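Okay, so chain A shows up in both of these, paired with chain B first and chain C after.
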Partner chain A sequence: MSLQLDGVTLTMHGETYIDNACLTLEPGSFNVLLGHTLAGKTTLMRLMAGLDRPDRGRILVDGRDVTGEPVRRRNISMVYQQFINYPTLTVFDNIASPLRQARVARREVTRRVEETAAMLGIDNLLDRYPQALSGGQQQRTAMARALVKDADVILFDEPLVNLDYKLREALRHEMRKLFASRHTIAVYATTEPAEALALGGTTTLLHEGRIIQSGSSDQVYRAPCNREAARLYGEPPINLVAMRRRGQECHIGKGALPVPSVWQTLPDGDYSLGVRPHHLLSVPAAEAGSPGRQSGSAVDSAGEVVWRFPAYVRVAEISGSETFLHIGHGDLEMVAHLEGIHELDVDQALTMQVACRRLFVFDAEGNLLLSPSAPQPSLSRV
Partner chain B sequence: MKIRDNRAWWLVLPVFVLVAFSAIIPMMTVVNYSVQDIFDPSTRYFVGTEWYREILADPRLRDSLLRQFLYSACVLAIEVPLGIVVALSMPRRGLGVPVSLILLALPLLVPWNVVGTIWQIIGREDIGLYGWLINHAGIDYNYASNPRDAWITVLVMDVWHWTSLVALLCYSGLRSIPDVYYQAARIDRASNWAVFRYIQLPKLKNVLLIAVMLRFMDSFMIYTEPFVLTGGGPGTATTFLSQTLTQMALGQFDLGRAAAFSLIYFLIILLVTWVFYTAMTHRDDMR
Partner chain C sequence: MTLRKSLVMLLYLLFVLVPIYWLVNMSLKSNREILGGLTLWPTAPTLDNYRVIFTEPSWYTSYLNSLTYVSMNVVISLLVALPAAYAFSRFRFLGDKHMFFWLLTNRMAPPAVFLLPFFQLYSAVGLFDTPIAVALAHCLFNVPLAVWILEGFMSSVPKEIDETAYIDGYTFPKFFVRIFLPMIRPGIGVTAFFCFMFSWVELLLARTLTSVDAKPIVAQMTRTVSAAGIDWGVLAAAGVVALLPGVAVIYFVRNHVAKGFALGRV
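This part shows the complex of A and B:
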């Protein structure tokens, strides 16, 4: 089945929680809802489930209007951030509970529970009670309960947030496999861009109760429709820099550079540039010469214009084999994501550079004009 | 080398003193009394376990013990389910919450003897509102002469007085259940009974344990209400254990026998409470 939101709006106590949401979810699709905390992800899911009723707009299932239908009449399951299981029931009975409510025959219940438990790797825990399980096993039980009843829509509300890193990776990987062969619509809410990219499928970006973009995950990542979308879909968020074109010169901060070939079509005016943190590179001192006061340009081996600018180290966060470098350039703060460990002192002067063809260009209103022509180097590094 | 520092004893000392004066010394005094026949402070004889044997064989005391168990069972059988129902039907948000909390807390603030007096007056068939209404509805009701009516009046009094304690305890237990549980149950299409049985009742178990024990102990020690209402009558219909004990100790000044009796009383409460507690927490240990 397909699920369609048609101009869905929800206001409570004079505050708009969801504003005119239009979205179509295809059968068998895996849909990620990406947004900050309080962006409205949970509210949107509650509307999809029928737990809340929208003030305006319609919710259609296979083209049929189900807006007023209560949750009991819809075939939906949901997995929460908290591990929600019945404490006095064994894992088996927990997984079986939706089937028993639906009065499925006993042998069928056993078969389906065992099948689902095996799929999630908890078939050896069926006679245990939830409180005797680890967090990951409890969440697997909750997932099995959601999967067992063959719901039309399964909603995942940040299900992996309370699990440790290793388990998250493992479960996330399994989830894609679980849904590969199903006709169920999966909706997965998360605050993490990396998770959205790893899960693939489609991504819907939610910002302050509005859907700002929806499309296949890597397409949305490569061409975010505006500045908000670009900031949202990237961790650390994309850096935004003001740029003004005057004839054959582009002014950034106090510096100027010649107009790169990819920007030739832009008329004179004000723009903002989006710089992905992992596209910023630190130029070795020998190559950069003495760091100048102003930003300028260089030309790389392929003859492309490169924006090169002096910067000062604010903080260098080293995590494993990567360094997150917070730098200042004039009154601009930026974050660079560098490979390897760079031990840098606070206030150390650096020369940074980024190839202009890697930059996103947004117009004065913030809408995307140009996205990087070359493919992104690797999607796993967000 | 171990450093020995005994100053910690000073910190425990206040508790020792407190417990000694509040529990151990009075209790040992009672134990001491219970093995003696006391005529006056200087004339006393050691009698061993004679008082205990006498009491266990006394039909008057056996009757009041049975009466007491029956009464406590009735109190629990009415107040616990009723308290749960009240708690379940209380509002979960909005103005109704403080209003219902205050209404429930009101009876708890009324002293026992006042409760007794209120019902003594309100239950009279000549000037009492309820008594008059019931009699005019064609039902013969007189707590002063009919043992059954006296019993019902004492029970109603207790239910009126203490059901809100059970309700408040259950309400606090229910409030600790996150909304997502109810939401998950709705999505699972669980019935109201299933929500109660598998979500609410497990969460209520701990507060119910406390509620049952408090109500058992309290009702097992009931004294003031029947005393104020009918003085334990008519006959001995509402003479419960503590009143029998008081009559023995202060009415007849039979100190040795009363001491033996109160020790048995104490052991019964201890035993029943222990059985309750073990029975209600046993299933957890099995897991």
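This part shows the complex of A and C:
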């Protein structure tokens, strides 16, 4: 079955929570809802589930309007961020509860509960009560209850947020396996771009109650439709730099560079450039010569224009074998994601560079004009 | 240190238990011994006083009357307060906060204020001198309390539990009885306990709204003065018997109220 949102709008207390959402979820698809907190992910899921009723718009299941239908009659299940189980029932009864409500035969209930529990690795805990379980086991119980009933739509509202890092990795990995062989529509809300990329499938970006882009995970990553989408899908978020084209020169900050071949089609005007943090490189002092005060250009070995600019170190965060470098350039603040450990002092002068063909170009309204032509180096490095 | 601590504990228990001991002590003595002088325990223990309580209809019926209206009151209070508390804890409606506070103001008035209206109203509709009259009158005080206590417990249950139940296919009544009520069992225990306590010890309304048929034990106990003077022994025995339901209730709810006395607002 497919689920379709048609111009769904929800306003509460004069505030718009969801603004004209149109979205089609294909049967058997794995959909990630990505957005900041308060972007409306939970609200959108509640609308899909039928827990809330939209003010305007329709929700269609296989083309049939189910907008006003109570949640009890829809075949959905939901897993919350908090670990929600019935504390007065054992794990077995918790998992069995949707089946019992659907009047499934007793033997069938036992079989399916045991099967689902085994799949999630909690089959040895069936006669315990949820309070006696660890957080991960509680969430597995909640997930088992959601999976056991063969729902048409399964909604996961940041289910892994309250778990520790290791468990999250493990459960996330299992998630994809669980859905590989199902015809269920899975919807998974998260605030983390890395999680969205790791899960893959279809990604829908939500920003302030609006759906700004929806498409396959790497398509959205490679060609975010506008500045918000680009900032949303990347951690650390993409850097945005103002650029003005005048004839055969591009002005960035106080410096100027010749128009790279990939930008030749752009008319004169104002643009903003999106710089992925991992595309920014620090130029060795020997190669850069004396750090100039102005940004300028260089030409790399392949004859491509490279934007090179002086910058000051604000903070260097070292995390394992990578460095997140917060740098200032004039009134511009940027984050660079460098491989390896770079111990840099605050206010140390650096020369940074980025190849122009790796830059996203947005028009003055923020819509995408050009995305990097070269394939992304690797998707795992967000 | 532990010795000193246990000494304090012992003294405390002694002071608390002395009146109760004295009551039991008296109930096992004859009137002559009670009036005769100070004896720390019955020199000639007798169960005559209890025999009077359990054989004389005026005593044991008043005892049953009390139990009747108290149980009625506990049941009515819970039946009314459970849905009300659920509404206050789960829904936002016009004036909900004001209404919630207004409920409590009912308890701020002394029961005597409601004496006259209840008396007149019940006489007019023919409820006077029935157990249900007292039970309903006590609801005025117990329902607000019950709503307050239960609301606290219900609000500590996440709303997502309700939603999960609907998603699982429960209807509202089924969810409420099978899932929700077991979750707030300590709260129900505490609420029942408070309702019981108020209703059991309340004297003024209970005495005024009854005369003969539904006379409660507390009223009966104030009417033991006869031509022969006060029957101390029987009165003491009545007192002991009147304590028992409280003891029984505490015994049955003790496991539920341990958490419950925090009133759910932990």
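Note that in this section the second predicted complex is superposed on the first by the 382 of 382 C-alpha atoms of A that agree within 3 Å, B and C clash if a C-alpha of one lies under 4 Å from a C-alpha of the other, contacts with A are read in each partner's own complex, and residues count from 1 in each chain.
Just so it is clear, contacts are C-beta pairs under 8 Å (C-beta built on N, C-alpha and C of every residue); 3 or more make two chains touch, one makes a residue touch a chain.
Model, not experiment: these values are computed from the prediction.
Novice: Taking chain A as the common reference, can chain B and chain C both be placed on it without clashing, or not? Answer clash or fit.
Specialist: Result for chain B and chain C: clash.
Novice: For A:167, using the defined touch cut-off, is the partner it touches chain B, chain C, both, or neither? Pick first, second, both or neither.
Specialist: neither
Novice: Does the superposition put A:84 against chain B (first), chain C (second), both, or neither?
Specialist: A:84: touches chain B and chain C.
Novice: Which holds for A:101: it touches chain B only (first), chain C only (second), both, or neither?
Specialist: A:101 contacts both chain B and chain C.
Novice: Pick one for A:129: touches chain B only (first), chain C only (second), both, or neither.
Specialist: A:129: touches chain B, not chain C.
Novice: Contact-wise, after the overlay, does A:61 reach chain B, chain C, both or neither (first, second, both, neither)?
Specialist: Touch partners of A:61: none, neither chain B nor chain C.
Novice: Can you list the residues of chain A that meet both chain B and chain C?
Specialist: 49, 51, 71-72, 76-78, 80, 82, 84, 86-89, 97-98, 101-102, 145
Novice: Show which residues of chain A lie in contact with chain B when the two form their complex.
Specialist: 49, 51, 71-72, 76-78, 80, 82, 84, 86-89, 97-98, 101-102, 129, 131-132, 145
Novice: Could you list, by residue number, the parts of chain A that touch chain C in their complex?
Specialist: That would be residues 49, 51, 70-72, 76-78, 80, 82, 84, 86-89, 97-98, 101-102, 145, 149 of chain A.
Novice: Residue numbers of chain C touching chain A in their complex, please.
Specialist: These residues of chain C touch chain A: 158, 160-161, 163-171, 174, 179, 182-183.
Novice: Write out the stretch or stretches of chain B touching chain A in their complex.
Specialist: 178, 180-181, 183-184, 186-191, 194, 198-199, 201-202, 287
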